[in-house]
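Note that chain A is present in both complexes that follow, paired respectively with chain B and with chain C.
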Partner chain A sequence: MSLVGTLLALLLLPFLLIGIVQRTRSWWAGRRGPGLWQSAFDVQRLLRKQSVYSTTTTPLFRIAPWVFLASAVGSALLTPVLGLPPVLSFPFDFVWFLYAFGLGRVAIMLAALDTGSSFEGMGAAREGLFASLLEPVWFAAFGALFCLTDATSLAELLPAPITGLPAATVVAAVALALLVAVQVESARVPVDDPATHLELTMIHEVQVLDHSGPDLAAIQIGSALKLFIGASLLVALLHPCPAAPAPWPQLVAAGMLIGVAVLIGTIESLVARLQLRMVPWYIGAALLLGTVGLLATAWRGEGGR
Partner chain B sequence: MHEFLFAALVLAIGAVAALLLPGNRTRGWIALTTQGIAAVAVWVTIAPVLAGGAPWTATLPWAAPIGDVPLRIDGLGAFFLAWSLPMTWLGTLYAQGYLGAGLRAGRNGGPHYALLNLTALSFVIVYSVQNALAFLLGWEIAAVAAWLLVIWDYGNQKVRFAGFNYLVSTQVGLFVLVAAFMLLHGRTGAMDFAAFGTFLQQPDPQRSTIFLLLGVAFALKAAFFPFHTWLPRAHAAAPAHVSALMSGVIHKAGLFGFLRFALLLGPPEEWMGWTVLLFGALSAFAGVLYTVAQRDLKRLLGYSSTENVGIAAMGFGVGCLGWTWQQPAMMTLGFGAGLLHLFHHAVFKCLLFYAAGAIHRAVHTVDIERLGGLARVLPYTATWFLVGAVAIAGLPPLNGFVGEFLLFQGLFTGGVAGGEPRIALVAMACVLAFVGGVGALAMTRAFGLTFLGVARQRLPAPPGDAPASMAWPMALHAVAAVGLGLVPSAGLWLIGGALQSFPGARVDTVATALTPATWLGRGLAVVLLLFGVLAWWRGRARRRSPTWGCGYNAVSVRMQYTGASFAEHFGRLFAAFLTTRRREQLPTAVFPSASGRLQTQPVDAVEQRIFEVLGRGDAMVTDVAERVPERPRLAFLAGLLVLLLLGAWLLGGLGR
Partner chain C sequence: MTVVVRWPGSALPPATAESWRADVLARLRGGARLVTLFGRRLGDQVLLTAVLQHPDGALHVARALALADTGYRALTAEHAAAHCFERELVEQTGLPLTDHPWPKPLRYQDRDQAAMADHPFWQLQGKEVHEVAVGPIHAGVIEPGSFRFSCLGEQVHHLEIQLGYQHRGVEARLLAGDPRRHTPLVETIAGDTSVAHAWAFGAALEALADVAVPAAAVAARGVALELERIAMHLAGLSGLATDIAFLQGASSWGRLRTTAINTSMRLCGSRFGRGAVRPGGVRMALTAELRAEVAANLRLLQHDCAHVDDLFFGARSATHRLRGIGTLRPDVAAEIGVVGMAARASGLALDARTAAGGIWHEVPIASVVHADGDCLARARIRADEIRASLAWLSQVLERHPEWPAPPPPLPSLAPGQFVVAIVEGWRGEVVHCLETDERGRLTHAKVQDPSLRNWLGLAVAMRGNEISDFPICNKSFDLSYCGHDL
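Now for the complex of A and B:
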């Protein structure tokens, strides 16, 4: 039952989440905005179209979007969503989770280089740089939770029990670090602007300029899924009542998910995107937060066990 | 005569025959046949040991200064022998195609094949003898043979320089190793490893000194940062198969030496484990940074050796700490990760060097700034290189992921006392994660700029993809990289004996740790294969159009992103490690009469800094001291940072 629920949530909610973010942005801008399911309709339309391939490209270009989608699905299966247990869970699944992200990223970067376009190469270089700076942030965040809970799988790491001021510090620092990580991984403002009009300033969108039709749909589904996974991690980390009787954890998680989407949309509306040369410092701040969280677990020494 | 001694004899005879017999074809066949026979004979000896049997022992009577040489192949030696000889054989096979043009032009290939045989002989010696003098003999054969192999193209002054640079470095390492052996000999009066072991397991103040001396000697051999300066030159200068064998196989002897003496040393002290871990992390960090900015593909791959031996050493560090703290699971995971990673590194690094050699054969350059679009002219080489690149980036489901996954498990061990040690281990995991991310970036850059897009300069028309003698070694290594990722138990079987030499280590700990991720990896592999076939089939007859130029339709190949532009932002962030030499002659005046020139070349930071410090060290200190008061914001920021981190730590400490 819960398995069906998780799979349904993974199938439908990513589009809804993007819809809520878009709606929040429209609301801040004083517009009505598109419908909540607009991104799902877009994907449906793309799936009916035909792909056009650049004359420069190799078969790698045709495979890459699907590798990206497969890796996003692989990560999604390990994520606890909507207060439900994840589809798969094993010790150190978070390592697999992050490395699967890496595989998808490499596929997209290679496809971008395959076109021979300087814009897309530019996007690939940025994506690789920011993602590699982000890796330690992820591990510092999960490592701090590991030091706090002694657990080693995503399902057990989240939510972390808040037992006192140091533990609260850890959770707060990790939550902020994860928020930055989500913004970088799913290419949101202030790191990247999915709606900018200038290719020179983009990161994720510029890499997929040459994809079209079903291939582009695969990339959009994958991106939506990545945003949803990230938001779900945040929700699972901060969930106040994961052990309550049946419908309550799910309802609370759904409410929190909407909250995270509204938060992301609000940040996008109120903050300008950073200059590209400032993005490493933004990620550095997240690493600092992760380190703070990690150091704040020092109390779990000989006395604290 | 026993098969094992027979193997050594056959290799020696093969070397002499390759020197004396006429005809390059005959010489090549002699080397291949003798190495093949030797590899089979060695496998006959080690197969029972690998299957879990008792170590194989024998005594070799020798002349006066050395005396009887005890031979002993335990799990550790068997593991190294198991792949060293077959990989050397593949390298020799590759040499037939790679050197083909030179050999056909009348160059005598005899010495080269003889040296390859001697390299295989040195493995037989180093991985089996239990006598320090015989060990040094094998060690020197490997070093000198590698030097002579590197300078194949000795007519080129740069190649000779690179060769001598390597020779000097490796001899410095030898001095340190001899010093350690002399200390041991002085205390024990013997040259046998068994006697060394009895002495080393006692508490003695010289134990630490000997540990450090051995560490430096083995680190020089395996090209750890900051002892790696010979490596980029040597790898760029050597023929591709020599680079492959040096990086993948020969220099693994350094890691073997470390493990051999770690076993003799017994339970290490805590600082030793931390030293190895930190040193490995530093090496992995620095090595991977270098790989991002290189423009010579072989130099890039050389630096990535420094990264990967660093990762293996991190595993050994974790293993040593687990040994000290009596945490068998941590010890097993650490040493298991290190052993598996060094083997996997040999598999994909040889593959990548072979592919680089195929590129060099086809277009006579491995300069990333000039290459591009080779996937269309060298489709097979491109495929094999892609497999190697994904594997070396540590991505699932290929074999590079296995070792790193185990290492993460070792670093995040639940049994460790909470508090600072655990925080330090998690911090090391963050370093490893960074190394993984940057490695993926560097390998994407290397593959993408070389094989995808369009050539950045006019390249000579290649004579077709690699010939069979070069293609087969690549294909076999690629199959191994995929196979060892999907069936890691195969690699586990090889390291099983070596792992169980460490008291308390259990192979099934590693097997259990790997099982779920392996199944997920297999699932991913099936899905990827399915998607690949579908996308291939679906996309064959689709519409084609030029790449979208963002509205600009006069694009030229020179406008593609280059290797330098790809690494530019990264290079600015890590300028301390990525030094660049600029040679520029910029146009002057408003209407310049002469055209300008700008050339950039990444140079090794350690080498550069040594010269800088020697040249103007005092001035540099003054510079820094003067600059700090000028930039109060920087000092303020640093102070704030320290305060924040100290505050978090104190807050964490309050809970005790």
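Now for the complex of A and C:
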């Protein structure tokens, strides 16, 4: 039952999450905004279309979107969503989780380089740089949680029990680091701007300019899934009552998910995008937070574990 | 400003190209500013014209006949601000100039358009350099133009901009038919600067026809011009906020632009100021009801702009994004002849309105100058100019509540005259030069949009910046493709 619930959530909620982010942005801009399911309709439209391929591309270009989607699904299966246990769980699965992200990213970067476009090459170079900077952030954040809970898998890692100031410090630092990681991974403001039409400033969007039809749909589903996974991690990390009786954890998680989407949308509405050369500093701040979390676990350890 | 210089065109100038060149250079060294420079083919000779502005604001016209096969040594070699004029001169007259450091076609006018694909771009070579070609077709609904970035990684070493794709033969079209009926055509030279072009063209025709425009009509033209300035500045600020993904600024300024252009529509029937100015006067009626509506719109703009400006320039993330990006130093801006709001953002107090008579003398407008020359300064200039224009509009509407009826057709134009008219559009000075032959027909029409000179300012401002900063630099200059290409 819970397996069906998890799979349904993974299938539908990513689009709803993007819809809520968009609606929040529209609200801040004083507009009505598109419907909550607009991104799902967009994907549906793309799936009905035919993909167009440039003559300079190789088969690599054709499989990349599907590798990206598969890798996002692979990570999603390990993530506890909506207060439900994940579909799959095994010791040290967060390594799989992170490198599935990495595999999808490499696929998109290679496909971008495959087109031979100077724009897409620049986008791939930026993606590669920022991703390599982001990797230690993920490990510091998960490492801190790992030390805090003595868990070995994402399912046990999250939620972290908040007992006392040291644990609260760890969770707060990790939550902030994860928020930045989600913004970078999902190409959101202030790191990237999913709404821009300016190729020279893009990171993620420019790499997928040449994809069309079902291929583009696969990338959009994968991107939505990545945002949803990230938001779900935050929700699971901060969930106040994961062990409560049946409908409550799910209801609380759903409410918190909406809260995360509104938070992301609000940040995007009130903050300008960073200069590109400032993005490494922004990721560096997240790394600092992750490290603070990691060090705070030692503080807790001293108190006797 | 509408400065009109008469020049007895029938008497051919006695000066030779060499003495003309020496005279122009001497004046430039003496602190004068080159306003425009162009030529017209007369058989095996080329009639050269240079318009200079002395530091006191007075205009000087220097003309000479050059032999079409000998030419002269390019002024650009010693005075970089002449670069675009002399490129155009070569392209339009075939006059051979020596020592021009950048002798490339300006807009490939009257030539095979296929040649544009082989434009000799400056090339950067080396192991770690790469070139990025953007355009001529761009994403989004904008005009065509080809940009070639020579980069070291993310850093732009040089940007070359090649234009001409929008060339429509405006100057030739102005000579065909009765020029007194050409204002609708002139309003489409650069659609976002309709009022300024129409006013400059109208002022030149009025000077040729020796017609005086009533003070109230000049005031009405000023109202249309400042409404155009406010609307375009709001559009530019909204675009700039969009490009830095600052949603609040983008939507708020975008909303206010609608109020500004709708005010223009109520006055002249067009949101872009078309039909407002006609030779001899204006075609706008100001009823009591309309006056109240305009005043209410101005109050709304004044109130909301102050609020939105404070929020935008108070947002650290927004100012940090723009500060120090695309800096054009004052000395460089002066050297390459940047004009208008871009020049004022780089510390140059260039504003044709301050030296002009008429309504600008009666109700002086506060001209804003910033020194930093970066994208933030160009954003601040626009916000400040909106406020100055709003304050000015309120005063003018109070002083001139009645506008005259549409003017009668102009009488015929005086023969053998040459006139220059300058109007400070929102982007900078719009210059129209008209010349009549011995029978009072137009023999030469020279149109100059500030974009012609400012495109190089954008290219120079990009040097050393990151390529990802190009869109905001571009938006901060906000230049016209069709105004350049004519």
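By our rule, the second predicted complex is superposed on the first by the 301 of 305 C-alpha atoms of A that agree within 3 Å, B and C clash if a C-alpha of one lies under 4 Å from a C-alpha of the other, contacts with A are read in each partner's own complex, and residues count from 1 in each chain.
Basically, a residue touches a chain if its C-beta (ideal position, glycine included) is under 8 Å from a C-beta of that chain, and two chains touch if they have at least 3 such contacts.
Computed from a predicted structure; not experimentally measured.
*Asks:* Quick one: classify A:Q44 as touching chain B (first), chain C (second), both or neither.
*Replies:* neither
*Asks:* So, does A:L88 touch the first partner chain B, the second partner chain C, both, or neither?
*Replies:* A:L88: touches chain B, not chain C.
*Asks:* Answer with first, second, both or neither: which of chain B and chain C does A:E199 touch in the superposed model?
*Replies:* Both partners.
*Asks:* Thinking of the overlay built on chain A, is A:R277 touched by chain B (first), by chain C (second), by both, or by neither?
*Replies:* both
*Asks:* Counting only touches as set out at the top, which of chain B and chain C does A:S118 meet: first, second, both, neither?
*Replies:* The answer is both, since A:S118 touches chain B and chain C.
*Asks:* Now for A:T56: first (chain B), second (chain C), both, or neither, which partner does it touch?
*Replies:* In the superposition, A:T56 touches chain B alone.
*Asks:* Please tell me which partner, chain B or chain C, touches more residues of chain A.
*Replies:* Partner with more touched residues of chain A: B.
*Asks:* Going by the contact definition given at the top, which residues of chain A touch chain B in one complex and chain C in the other?
*Replies:* Common interface on chain A, chain B vs chain C: 118-119, 121-122, 199, 276-277.
*Asks:* Over in the complex, which chain C residues touch chain A? Could you list them?
*Replies:* 130-134, 139-140, 154, 241-248, 250-252, 255, 315, 317-318, 320-321, 325, 466-471
*Asks:* Which of the residues in chain A come into contact with chain C in the complex?
*Replies:* Answer in residue numbers: 25, 28-31, 118-119, 121-122, 189-190, 193, 195-201, 268-277.
*Asks:* Using the touch definition up top, name the residues of chain B that touch chain A in the complex.
*Replies:* 372-373, 375-376, 382, 386, 390, 393-396, 401, 404-405, 408-409, 412, 414, 417-420, 422-423, 426-427, 429-434, 436-438, 440-441, 443-445, 447-449, 451-454, 513, 516-517, 520, 523-524, 527-528, 531-532, 534-536, 538-539, 542-550, 555, 557, 559-561, 565-570, 573, 641, 644-645, 648-649, 651-656
*Asks:* Applying the document's contact rule, which stretches of chain A touch chain B when the two form their complex?
*Replies:* Touch residues, chain A against chain B: 50-60, 62-63, 66-67, 70-71, 74, 88, 90-93, 95-96, 98-100, 102-103, 105-106, 109-110, 112-122, 124-126, 128-129, 131-136, 138-140, 143-144, 146-147, 150, 152, 164-167, 169, 173, 199, 209-210, 276-277, 280, 288, 290-305.
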